[in-house]
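Each chain carries a letter (A, B, C and D) given by its place in the written order, and its residues are counted from 1.
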Amino acid sequence: MERIAVLTSGGDSPGMNAAIRAVVRKGRHHGLDVVGVQRGYTGLIQGDYLSMNLGSVGDIIHRGGTILRSARCEEFRTPEGREKAVLNLQQHEIGGLVVIGGDGSFRGAQHLTALGFPTIGVPGTIDNDIPGTDFTIGFDTAVNTAIQNIDRIRDTASSHERTYIVEVMGRNAGDIALWAGLADGAESILIPEAPYELDDIVERLARGDRRDKKHSIIIVAEGVGSAIEIGQMIKEKTGEENRVTVLGHIQRGGSPTAFDRVLASRMGAEAVDLLLAGERDKMVAIRNNEITSLPFDTAFAMQHQPDMSIYDLASILAI
Amino acid sequence: MERIAVLTSGGDSPGMNAAIRAVVRKGRHHGLDVVGVQRGYTGLIQGDYLSMNLGSVGDIIHRGGTILRSARCEEFRTPEGREKAVLNLQQHEIGGLVVIGGDGSFRGAQHLTALGFPTIGVPGTIDNDIPGTDFTIGFDTAVNTAIQNIDRIRDTASSHERTYIVEVMGRNAGDIALWAGLADGAESILIPEAPYELDDIVERLARGDRRDKKHSIIIVAEGVGSAIEIGQMIKEKTGEENRVTVLGHIQRGGSPTAFDRVLASRMGAEAVDLLLAGERDKMVAIRNNEITSLPFDTAFAMQHQPDMSIYDLASILAI
Amino acid sequence: MERIAVLTSGGDSPGMNAAIRAVVRKGRHHGLDVVGVQRGYTGLIQGDYLSMNLGSVGDIIHRGGTILRSARCEEFRTPEGREKAVLNLQQHEIGGLVVIGGDGSFRGAQHLTALGFPTIGVPGTIDNDIPGTDFTIGFDTAVNTAIQNIDRIRDTASSHERTYIVEVMGRNAGDIALWAGLADGAESILIPEAPYELDDIVERLARGDRRDKKHSIIIVAEGVGSAIEIGQMIKEKTGEENRVTVLGHIQRGGSPTAFDRVLASRMGAEAVDLLLAGERDKMVAIRNNEITSLPFDTAFAMQHQPDMSIYDLASILAI
Amino acid sequence: MERIAVLTSGGDSPGMNAAIRAVVRKGRHHGLDVVGVQRGYTGLIQGDYLSMNLGSVGDIIHRGGTILRSARCEEFRTPEGREKAVLNLQQHEIGGLVVIGGDGSFRGAQHLTALGFPTIGVPGTIDNDIPGTDFTIGFDTAVNTAIQNIDRIRDTASSHERTYIVEVMGRNAGDIALWAGLADGAESILIPEAPYELDDIVERLARGDRRDKKHSIIIVAEGVGSAIEIGQMIKEKTGEENRVTVLGHIQRGGSPTAFDRVLASRMGAEAVDLLLAGERDKMVAIRNNEITSLPFDTAFAMQHQPDMSIYDLASILAI
C-alpha cells in the first residue's frame, strides 16, 4: 500500500482534527502518501481530494470541528454513487480509507469494503453511542462543555432558589446526560435507556425542599423528549415555576480536551497500522484503556449501553 | 450613619458578589456595621438580615450569582409592604440601603426613599439596559459567555458549511447581541432597536455563498422574536437548512470577568461613599471610565441606547 | 459501624471536594454519621472534627481545592502522635476513616491500621503517580489546565516562530508531561522515566526548521530538572533563542473536569462501601474503567509506570 | 490611495488578528487593495507581502497571536534598512501603512513618516502601557488569563492556608497587576509605579492571620523585581513558607475577550479611515469609550499612568 485516504463524516466532534493529524503523520511516518477527502462521502464521489503533508495538519490538534469538513450525501446511498466512489479511489491509486465518524458513517464504509475497497473506521461522535468501544472521540469534550455551562446555570439556580431543567444532547444514548448529571450533582437524570416517573422527580424535588436545598437541576437527554414539555409537566405537578435551557449545538464544537486529543491521536495512528497490516472492515476501539479493534459486524451485533452504575450513583449522591 | 444594609434584587448577574463584598468591606473600612438582606425586597419585609463582617464576603469575588440571593416580591408592590420594609430597617437602626439590581429594583428603591429612607442603586444586570451608565455589572461576562459558546458553534458551522442562528439574551436591549455579533463576526445582527428586513439577511447569506464562505452566523436578541421562527423564515426564503441555538440562561451565571469584578468593586465602594456623604435616591454609574452617580429620576428620564456604531461596523466587517 | 470520618491530606487536587461529597452522601445513605477531619492528620491529632450532613457538601462538587483543607503534620510522624489520633477517633466512636490523598498519605493511613484502626485510601493527586490505579483524582484536570495554557503559549510561539520550553508538574512521574505533550503536539517530551539526549532534541528542532515549522514546544516534567537550565543548554547548542515558562501551581487548582468529578464520586462512594464491608488497609482504584480496590501493600509493591506508548506516539506524530 | 499595507510588530497580543481583519475588510469596503506584511519590519524590508482578500481574514477574529507574525528587526534600526522599506512600499504602489504594535513599533512607524511615507499606529500590547489611549488591544485578555489562573491558585492557597506570590507581566507598567489584583482580592499589589515597604506587606499578612483568613495572594508586576526573591524576603520576615508562581508567557496568547475583539475591530477600521482622510503620523486611541486618534508625538510626550484609584481601592477591599 502506498497511498491512503482519510475522511470525516456525520456530525462533527471535537478531536476529529487530532485524528486526521494522526492518520496523516503516522501514514507519512510509514512512507505513505496521504490524501484528505473533503466533505465525507460527497468528496469521495466527486474526487474532491487534498494531498496532505506534515504541514497540512500542523496547528490543528487543538481545534474543534474538522478541517476536512463533513456533509450528508444522498448519492452515496445509491449503488451508482458507491461504485463511482471506489472507482475514484482506485484511479488515484489509493489502497485504503480511514473513515472518522459515527455508526452511520461506518455502514457507508462497509459498502465500500463490499465493493472490495479496504476501510477502517475511527469512532468520532459526541454521543458515545457506538457499540464495541468504551469511548468515542468527542464525548469527553461534549460532557465538559455541558458541565461548564451547567455550572453557570447553577449560579443562577442557586441565587433564585429555582429548579432548572437542562436538555443535553443524546438522541439514542444517555451517556452525556449521565456523566453531566453525576458531575453536576443533578437531582434527576432522564435518559432514553431508563423509564422515568414524573412523581419520582417531583418527590426528589420535595425532598430537596425539605432539607432546604437552594436549587435543583434536572438533566434531560434529548432522546427522552422536549425539556420544555417536561418542565411544563413538572410545573403542573409541583405548582412551582422552573426554567428550561436547551444546551444544543454548543456541545458539538470547541477545543478538544486532553482526553479526546490523546484518544484521537491513538485511534488515528492505529487505523493506519491496521490498513498496513492488511486489515479491513474493522473499527478502532478503546476497551479497558487499550487501543484495539473489532470487525464492524461484531460491533453492530452489540448494543451500546451506558454505564448504569453512574445512574444509580448519581441518584444516591444527589439526595 | 452607623449601620447600612445591602441587597440584590431582580435577575442575578455575574459580579453581584464582588459588589456585595465591596459594600461590606468599604463599609467596615469606615467603621460601619453592614447588614446583608436576603432575597431582595422579600427579606427587607421579613427582616431576613445577616450581620456581615470581613470574612462573610471572603472567597466570593470570583463567584457568579449572589450570596444574598434574589427573589420576586409581590408584597413590596403594596404600600403596606413598603412601610413594613422601612419600619424593619429603622428598628434595626439601619441608616441607608444599597440596592444592587436593574431598573425595576431601582424603582423599588425609590419607593423607600419616598418614605424617607436613603437608598443608593448599583446597576447589576447582564442586559446593560440601564440608562445613565455606560456599563452595568455582568454585561461583560454575559457577552464573553456568549462568544465562547458561539466560538464552539462556529466550529460546527464551519465543518458543515451551515448557517447558524443564535439567540442571545436581551429582551429590551440589543447590547449583548451587538457586542457578541461584532466579536464573533456575525453576518447579521437582529436587535430590538433596529428594524430588520428578511431580504437583507438573505442577500447577505447569498453574498457569503458567492465568495465561498464556509459558514454564517446570525445573532438574534431575544426581544426581536423567536430565533426558531426566524430560522424557519430564512429557510423558506433561501431553500437551505439552518440550525438554531438559544443560549438561554447560561449567560446569567459564571465567574465574572476582570472587567466586571473591577466595575463591581468600584461601584459597590462608591455606593457606600455616597450614603456616607448624605446622598440618596441616586444610582452609581460609570461614564467615560469614571465612576460617578446621578439621581434615579435623571436616569429614568433618559433612554438607554446601545452603541449603534457597533451595529454599522459589524455590518461592514462581516461582508 | 455507625460513624466514619474523612480527611484530605498531601497536596490538594481538583476533585477532592467531589470525593468528600461522595463519602458524606453515600455514608448518610447508609445511615452513617460522617465526620470531616480538618487539615489532614493535624486535625486527626487535634480532634478538629466537623459533623457533616447532606448540606455540608452541597455546592462543592465543582470546586477545586478541598473544603477540609490539608496540611503537613510533623507530629503524626511520631508514635505518640499516631496514638493520640487513634484515641481521638475512638473517643468519638468513629469506626473507620477515609483518607483522600497521595501515597505519603496512604502510608500514614497504614500506621493507623497498624494500631487497629480501619482505613481506606482514595487516590487524590494530580501527578497520577500512585501504583495500582490507572488514574488518580485530579490528574485529568491538571492535564487540561496544562494544555489550555500551552495552547495560549502556542499562539505566541507561532506568532514569533520561536521555541518554547514549558515545565509541567511531576516530580517523580512523567504522566502530566506525556499527556500534555501528546495533546499539544510537543516536539520533545522530557520525563523522569526516560533518559534524554540534548542532541536528539536539537535534531528534532532542526528537522522542524527544515520543513518550515512555525514553532516548537518542548515539555519538561519538573522531575527532569530545571526547564530554565534546559532552555539555556538548548540555546547554546542551537544558537537560537528560546523562551521558558514554568506552569507551576496553577496545575493544582481549578474546577475539576467531568472525568475527575465522576471518578471522585465513584471512588468516594466505594470507600464507604469498603468500610461497611469490613475492609481495611486498602485503597480504592480504577482499573480498566472499573472501580476496584487493592491492599495498600500490594500497591506499594508495584511501581507506577506511565504509558510509554504515549511517549512513542508523541514522538512519531510531532515530526 | 488605492493600496494600503498592514503589519504587526513587537510582542504579539490577543486581538491583533481581529485588528488585521478590520483593516483588510474596512479597506476592501472602501475599494482598497490591502497587503499583509509578514514578520513586521523584517517583511517590510524584504518585501514579504501577502495580498489579502476578504477570505484571507476569515475565521481569525477569535484566534490569539497574529497571522502576519512578528519579529525583531535589527536592520530596520539603520537608515539603509528604513529606506529599503520605503522603497519597497513605493514600488508596490502602497499608499499607507497600518502598524499594529506597541510604542517601539510606533517609533519605527515614525521613521517611515519621516521618509515621507504615511503611517497610522494601532496600539496592540498586553501591557496597556501606551500613553494617549485608555486601553490597548490585548490588555483585557491578558488580565482575564491572569485571573483565571490566579483563581486556580486560590483553590490551592485556600486548601493549604498558604500565602502565594504571583508574578504577572508588566515590565514598565503595573496595569495587569492592578486589575488582576483588585479582581482577585490580592492582599498586596506591587507595581513599578509605587514604592513598596516589605513591612507593610508583612503587616497586611499578619492582619489577615488575625482575622483567620484562609489564604493570602500577593501580586507582583515583573518590573518590580523577581517574585522569587520577594517571596524569599517575605519568608525571612514572617518565618512562614510561601509559594511563588510566575505566570509568564501564558498571558500573551489565547482567544481574545469580547472587549479586545470589539476594540481591535474598531481601531483597525479607524486606522483605514484615517489613512483615507490623509492623516499620518498618528495613533488610534480609545478615550472615554470613544475611538479617536492623536499624533504619535503628542502621545510620546505624555506618560502612561495606571489608574491609581484601583490601587487604593484594592488596598481597602482586601483588608
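Heads up, the rule we're going with is that a residue touches a chain if its C-beta (ideal position, glycine included) is under 8 Å from a C-beta of that chain, and two chains touch if they have at least 3 such contacts.
The structure displayed is predicted, hence computed values, not measured ones.
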item	value
Co-neighbours of chain D and chain C - touch as defined	none
Longest centre-to-centre distance from chain A, chain (CA-based)	D
Chain B against chain A, contact positions shared by both copies (same if over half, else different)	same
Separation of chain B from chain D, taking each centre as the mean of its C-alpha atoms, in whole Å	28
Distance between the centres, which are taken as Cα means, of chain B and chain A, whole angstrom	35
Centroid distance [mean C-alpha coordinates] between chain D and chain A, Å	39
Overlap residues in chain C, where contacts from two or more other chains coincide	151, 154, 158, 214
Touch-based graph of the chains, sorted into line, ring, star, complete or other	ring
Pairs of chains in contact (touch as defined earlier), listed by label	A-B, A-C, B-D, C-D
Residues of chain C touching chain D in the complex	8, 11-12, 14, 16, 39, 63-66, 69-71, 145, 149, 151-156, 158-161, 164, 214, 243-254
Parts of chain D lying in touch with chain B, wherever the complex brings them together	21-22, 25-26, 28-29, 54-55, 58-59, 61-62, 134, 140, 143-144, 146-148, 151, 154, 158, 179-180, 182-185, 211-214, 255, 257-259, 261-262, 265-266, 269, 288-289, 309-310, 313-314, 316-319
